[in-house]
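Please go over the structures that come below.
Next come two complexes built around chain A: one with chain B, the other with chain C.
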Partner chain A sequence: MMEPATSNASRVWSPQHVWLIAFYSMRFALRSGGGLMFLLIFLTVGLSVASLFITPLESLVKYDSAVPGGMDAVEISTTILESEMVADAVEWITDSDRDQSEYLLQEQPALLSAILLILLIAVPFTTCFGAFNQTSGDIASRGLRYLLLRTERINIFLGRFVGVVLFTIVSTIGTMLVIILYVQFKVGAYSGVDLWLWGFQGLAAVFFLSLPYIALCAWVSCLLDTSFGSLAICLLISGFSLVLLYVLKLSLISSMKMDPESLGWLSQTLPWGWKYELLHGDPMVRMTAILAMLGFTLAFLLLGLRHFQKRDL
Partner chain B sequence: MAEGKRPGGLTALAVLNFVFGGLGALAVLGMIALVGVVAGAANIATDGEAGELMVEAGLSGGMLMVTIVLMAASCALLIVSGVGYLKQKRVLGRTMGTLYGILALLGTAIGIAGGQGFELATIIGLVYPVLTLILINTTFKEDLVN
Partner chain C sequence: MQPAVKVINLTKKFSRQVALDGVDLEIPQNSLYGLLGPNGAGKTTLFSIAAGFLKPTGGSVEVLGVDVSRISELRGQLAMLPQDAAFQGSIPVIEQLIMFSRLNGLDKSAARRAAEQALEIVGLPEVARKAARALSHGMMKRVALCQAFLGDAKVIFLDEPTAGLDPDNARRIRQLVKEFTRDKTVVFSSHNLQEVQDICDHVCVIDKGRVVESGTMESLTGSTFLVRIELVSPLSPEAQGALQALPVVEDIELTSEKEFNLRLNVSGSGKDEAMKAIYGTMAGFEIYPRSVFEGASLEARFLEMTGGTFDGASST
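Here is the complex of A and B:
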């Protein structure tokens, strides 16, 4: 049953209300278990991914420094990360050409590129931990009824979304800052300017990739009355959509004898398929990927908002 | 605030304390077993060989004991403060939690001074103690007053 509209609340979208709800949502994110878990998971995953590449490099530098005429961090990084084998691996992971792998490994700090490539795989899943409980918990506890006396549904929905986006930005900046500072001062393989510029672009890529998944979680969160159910469904959608896409691709190739190269567009029906374009060397491709992410975000938000406006709170 | 409902974050922190405390206790038991194995091998080997065994295992007697004691104390503090968070106690929760955070930082500092080195894994290990220190002394400060 729909809630009756309140007479004292504004019936239209109010940026002030959205900002107020977003600010308090972000401020109290840590007080909720979800916000704390997200911060812990994102920091641990981000730093573990970085450690996956940095620790072996540091071990090699340590080992080589003990040998007369051994290589330093710059030489080791260049020798390993800019090798043909790594370039092939990057081409395979990113499903791109040699130009793009050269851009990632030779024109930009290769170590940070490697970290970002793996981090982008984890982002859709880690994002779910921070965004799953935008409204579902309060729907279950009927807590939103108190807010509905003071503002409209659209402001609550958008305010919670913006709050999660802000909290995600803060968490992402914190994690990337630790990684970049560590690479700059401890590893010391790249110039500061290159590292920070590329780090900023990586940060933007993580941010834009997380946007559609936060919007997806906003939609799922207002569909369900349980926050745990919302988390489970968000994670399932993020993971199973990829499995379904892969199975569909395989079946099209095997049954309809389609050329695998011609099915590249299939993966781009999901935000997942655009993630590495966010780190592309061509600014136009990068901009298209950003627009695609914003498009997905808008679509999920509109679907969520449509349901949130109608549902019983 | 103290009489109010416990925030979800504080409950999550308590659960994490029990998880990390339990895993840490297992690690302490494992280290004690390792010491037993090394000591047993040292009884068989000559003095020089025993020293080499210790070095090969990356252990020095004093540092190992300090590590085991610090880890055991951290685990105990984690579990005790976890109970304190659930009951929203000031001493059992906030004080013990703060002590855990300080002990973990101290343990890391001793490890670095002892030659373990500062790596990214060190920072990962510091994430939880630092978060605990910040959260229980700011976000959950008013909730731990019983």
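Here is the complex of A and C:
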């Protein structure tokens, strides 16, 4: 029998153990089914959103090219996406000003901006599919017990979290690559450099938005002993909190006669409220949004960890 | 010498149910310690607290002088075969064992060697690349045992390692436990009293969350011995009276018209003399046994302490 290289490990938190657990968790994510489900859902959502914009554009190009003097794809997409109507819609969706909508539609590749705006709405929900089962399944099957004999609970909790984060990064990169290539080859309206740079920023936005939701799932996952229950609760929290917030906002406006403009901060009590700031033209606003996402992530992680440390496994 | 495991006033409650109620226990180093008790007695709960899976409601457990709330200080020194804990179904067995070894502190290549070696010890090198869900229950139990043999643990908890196994697999596991646990402290729980009597040198009986009795196997089994006799014809009241009158017979219990249990008070070689006296008495009444089942002395003692009845089922 082999002797262990080190037998006395008094350290409570071990980055080496966290990395090891994360690496194995990510490496076998696809085999477990949950990872595969997430990848398929994320890819399907990403491509569906892209297709939502590109397919009508293709039809228009096909129709217009039959007419003498008709517009090509570049002209059509520019005409549509840079129109006043679309700018108004973007302003309303992102709850921002005209400068920001112009930044998204004129300074950056508009088609990719439109795809990202819709994709960011889906991210909290798709993330739940990849992150719901960080510990709940193994708590139910008692599989964590083999790890508990060998490492501290904090390493298991953080290891599983980091594993999902790594898997999310890989999945997001894959999906964004497909979307960018799809836009580039189907439309060909933008310069490659602009498209890839904006695509990279979109990738960062998707990643930072998914972080607090992965942490939320880590918390919920260690509260429950069933994977399905964990998924249901994660999705419910992600969606229901928005409904609650909306109802609260309406009730404040109607009962206290508050100005809707002055209640903008209310939505920022959730990660959801910061998502479009991640695509903002002002680097300071972007940085603030990233810090807010990291703050939410840390808060959810601490709450989850506190429970995971105390509970029976 | 400090005990390998020290349980101090340990209490565990699940909602209102008390699983352990002020358990105090000392398990000597290098002993093969049997933990006995009926279902729901608290054996698995005790193991689970000792391994850090469950948090105690009160009291504490020390393994090799270290409180198990600081479990990482025992890394590599404490191993366990948990009851009903599942491996990751879709991941190859060898990968999971390598990960466990790496968490024990081995580097990648040493961890692989340790995992392969452990699989060979339990006689399953061929399952290394298989996903855990592809293994039979018996194979899975042996793989789970093999993870307990990874590294060089000084204290090993085995929670019902032979439960649900066919006799051949159960025998293999008993053999492995005997072979690979020299110079180690092994705490072994089982429903099979004969198995515990064969393997263990110390024993503790738990019932309803309390320690009923603990000590060396010799001190516990003492001189009590059980025999179940099935007859060709019914046992007459006269013959029953004559058997009861024998000095070696402590108690007689009729389980059916043609079957009865005898609790004997004998020690060592006295058992043969006692059986001679019993057969002689029965022959005097022209009563002949169809079968005689000799129960373990531990079983007799266990039933005496927990108030159960002897049906021989756990002595196979």
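Here is the rule we use: the second predicted complex is superposed on the first by the 302 of 313 C-alpha atoms of A that agree within 3 Å, B and C clash if a C-alpha of one lies under 4 Å from a C-alpha of the other, contacts with A are read in each partner's own complex, and residues count from 1 in each chain.
Simple rule for what comes next: a contact is a pair of C-beta atoms (placed from the backbone, for glycine too) under 8 Å apart; a residue touches a chain by one contact, two chains touch by 3 or more.
This is a predicted model, so every value here is computed, not measured.
K.L.:
Between chain B and chain C, point out the one touching more chain A residues.
P.N.:
Tallying touched residues of chain A, the top partner is C.
K.L.:
Look at A:Thr55 in the shared chain and tell me whether it touches chain B only, chain C only, both, or neither; answer first, second, both or neither.
P.N.:
Touch partner of A:Thr55: chain B, not chain C.
K.L.:
So, does A:Arg31 touch the first partner chain B, the second partner chain C, both, or neither?
P.N.:
Both partners, chain B and chain C.
K.L.:
Which holds for A:Phe228: it touches chain B only (first), chain C only (second), both, or neither?
P.N.:
The answer is neither, since A:Phe228 touches no partner chain.
K.L.:
Check whether A:Tyr182 is in contact with chain B, with chain C, with both or with neither, and answer first, second, both or neither.
P.N.:
In the superposition, A:Tyr182 touches chain B alone.
K.L.:
By the touch definition at the top of the document, which applies to A:Leu148: first (chain B), second (chain C), both, or neither?
P.N.:
second
K.L.:
Using the superposition on chain A described above, determine whether A:Tyr63 touches chain B (first), chain C (second), both, or neither.
P.N.:
Neither partner.
K.L.:
Tell me the contact category for A:Leu39 with respect to chain B and chain C: first, second, both or neither.
P.N.:
first
K.L.:
Touching A:Leu47 in the superposition: chain B (first), chain C (second), both, neither?
P.N.:
In the superposition, A:Leu47 touches chain B alone.
K.L.:
With both complexes superposed on chain A, which partner does A:Trp92 reach: first (chain B), second (chain C), both or neither?
P.N.:
neither
K.L.:
Shared contact residues on chain A, chain B side and chain C side combined as an intersection?
P.N.:
Looking at chain A, the two contact sets intersect at 31-33.
K.L.:
Taking the complex as given, what residues does chain A use to touch chain C?
P.N.:
Residues 1-12, 14, 17, 20-21, 24, 28, 31-33, 138, 141-143, 145-152, 310-313 of chain A touch chain C in their complex.
K.L.:
Under the stated contact criterion, what part of chain B meets chain A in this complex?
P.N.:
Per the touch definition, chain B meets chain A at residues 7-13, 16, 118-121, 123-124, 127-128, 131, 135, 139-140.
K.L.:
For the complex, which residues does chain C have touching chain A?
P.N.:
So the residues of chain C in touch with chain A come to 48, 51-55, 70-73, 75-80, 82, 84-88, 90-91, 95-96, 99-107, 110, 113-114, 117-118, 121, 131, 147, 149-152, 180.
K.L.:
Of all residues in chain A, which touch chain B in the complex?
P.N.:
By the definition above, chain A touches chain B via 30-37, 39-40, 43-44, 47-48, 50-51, 54-55, 58, 178, 182, 186.
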